[in-house]
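Before we start, here is the structure in question, set down as structure tokens.
By written order: A, B, C and D. Residues from 1 in each chain.
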């Protein structure tokens, strides 16, 4: 029988995350983000966080709340086009933004999670993404060497968990979540439902329980 | 027919039956409207669905089923939900038969720039660099000019999206194919001619010996 | 509506594969292998094939039949310990065997499938696996550079397919199958069941239909 | 108690509650027998299951649920089925808390060799190189000698499995910890002493100031 996890409140989970920590947060334009945990980070007045996420969503949604509340000092993302606040804070020099091609971003997160030393990709070659990076030639073809991206915490949204921590996702709310669950030093999952152990068939599990450190209690 | 519909209709003719196609947000997304339902085409949305369907009727949305712009969508029978690693694995691994991307500029070699205007606008590249580098066929769908300034230029003033030239450029005026020797004009719109296209284009181009009039019929 | 695929017989599928082709075949010690397709390759008397697989199973099971029938000129695998025939043909110089660490093998197949230029891994450093290979230093740490592994054909076993080609797998019969489905020039899937399009929920699909070129008809 | 049971009982004491553990085939697999069911331990089998259970009763096998040796197994409640990329992602990414591997030789630095004997036997490394390189803690479980020939040696005569030293070596005679300064003897079996261990060991080792007798109680 696997170890079970007692679920915790969003506030308790937020208290585990110190100012200045790096956090990866699942979600794509606000879809599939751990929203109650994000609200708790805002309520706790966190500052100096480094955010790793696909995007900064649009004002009022998902991780955009962290931008608006000025919880972030840096954002490593692929897209900020739907959030004028991000652009404004970046232009004012208040928020450092590192733009990474989306496929490179997810692959670098995966690389950190699965113990690879780098990602070797053609994406970004001959563009500003290449600046300051190694290249590698394999069989006469040049590639960019991108470094793994890890974080102190991975904050994951899931459709359903069991009390061991096995996670299922739904449709496009899946996105970066299962990959980030591999690459956070501490993984905190916010499922919509938590069911008893044994209720999720082994073939339906997308993130195995062992990767998850904390479960957020379900909303009332 | 407005310019965008015209461009979308022409691009739709490039969509082959039984293929997997990724459409960028904005103008490119209109292409889906002109692809026959019986063509067996799957549309991929890079946020994680293969088999993207139409916008749902109001009151029938699922907040967990959206397109890359965050808008509500549906999924067709036979759809698959995938995570971002699989989604970009398909894109970067050459499993997307065709992508249609918007453009800010394209250079004389056919290289696209569409993700930032230094000092003005930095939306970010999102998945565009991966699509432009990894899809089997890359089609740029854009208006020919922006405020009378040509978007097809000798050399891009803004950063490139990929060092790989695109396969086809479709505007409301013309269809160009980039080749190792430069751009070749394949088609002109019914309401324009080569001279007008030259005047509205910032890069040199050859005219194909098989130059023809752009068909605006959807396939 | 997606394109549908008319299922074909194992013999017809085997006829698509020429002598001398490279084939990746799913399965782990014979579990989760496309057995009717393997039988058809044996029946067709194929020769000179290069096999890419986790192992060569045990005599009488899975890809071991290809070894016994001398269909292979080369095997790229992680383990041959349970198949004395493989060892005997290797020792006799009749079968070239390239041993690859299992994690490197699956990652190199994935790299080919997802367009990466190489796999950068510590596995194999300081062992015979390193011989003749590039190394790459990232942040002061050395890694081995392993090349992507692709094949002309990927032969996949699945629990269930729909007629579009979406695949579901079961338990440990999953193993290399979904990864190989990314890396074969032509992908042939042998499902145990084929159901109408729309019967498999999008979240249950592990291999999207677009990756599959041919479906083997179900057994009677 | 035979030698293998003794080794397995001692290794089982290393298994921490609520961890994820991979056991190699053969001797290492016996360790599971001595880990309490209420310890919250998940066993991984690298062919694709987390939450490996006992062998099923005859007539209750599932041909699609096997261990890495191809033998029938069951899965515990809370188990997950994963593909080989995820399985080795967990192994190589440091998500396996502990692995127990069999050994043919271990050198004075604690480096394991267990996948081939040149000119004699080439089973292949399977997942051993990945486990020895990537698991958080690597324990070697092996008999001390093979036909009176020490398996712990100054320098391995056969190819290494990983350049990374293992964390603990458990035999029926002794428990050693590899350190940057060489092997340290932590424990001796009840029926042996340091002199006998030296005689049966092919590498120099220090004796820990806290040397104690090996406990053979399962945890």
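As a working rule, a residue touches a chain if its C-beta (ideal position, glycine included) is under 8 Å from a C-beta of that chain, and two chains touch if they have at least 3 such contacts.
Here the structure is a predicted model, which means the values were calculated and not measured.
Novice: If I rank B-C and C-D by number of C-beta contact pairs, which comes first?
Specialist: Pair with more contacting C-beta pairs, B-C versus C-D: C-D.
Novice: Starting from the mean Cα coordinates of chain B and chain C, work out the distance between those two points in Å.
Specialist: 34
Novice: If you average the CA atoms of chain A and of chain C, how many Å lie between those two points?
Specialist: So the centroids are 32 Å from each other.
Novice: In angstrom, rounded to a whole number, how far apart do the mean CA points of chain C and chain D lie?
Specialist: Their C-alpha centroids are separated by 29 Å.
Novice: Roughly how far is chain B from chain D, going centre to centre by Cα mean, in whole Å?
Specialist: Chain centroid spacing, chain B to chain D, equals 55 Å.
Novice: Send over the residues of chain C in touch with two or more other chains.
Specialist: Residues 107, 110, 114-116, 121-122, 169-171, 174, 202-203.
Novice: Mark out which residues of chain D touch at least two other chains, giving numbers and ranges.
Specialist: 49, 75, 81-82, 85, 88, 92, 134
Novice: What is the complete set of touching chain pairs?
Specialist: So, checking each combination of chains, I get A-B, A-C, A-D, B-C, C-D as the touching pairs.
Novice: Sort out for me which residues of chain D touch chain A in the complex.
Specialist: Per the stated touch rule, the residues are 17-18, 20, 37-38, 40-42, 49-51, 75-82, 85-86, 88-90, 92-95, 134.
Novice: In their complex, what parts of chain C are in touch with chain D?
Specialist: Going by the criterion above, the answer is residues 28-32, 54-55, 57-58, 61, 77-82, 87, 90, 97, 99, 101-104, 106-107, 110, 121-129, 159, 169-179, 206.
Novice: Chain A touches which residues of chain C in the complex?
Specialist: So the residues of chain C in touch with chain A come to 107, 111, 114-122, 134, 136, 138-139, 141, 143, 145, 147, 168-171, 174, 202-204.
Novice: Using the touch rule from the top, collect the residues of chain B that touch chain A in their complex.
Specialist: 45-49, 62-66, 68-70, 75, 81-85, 88, 91-92, 116, 121-130, 133-134, 159-164
Novice: Give the list of chain C residues in touch with chain B in this complex.
Specialist: Result: residues 1-4, 110, 112-116, 162, 164, 166, 182, 197-198, 202-203, 205, 208-211 of chain C touch chain B.
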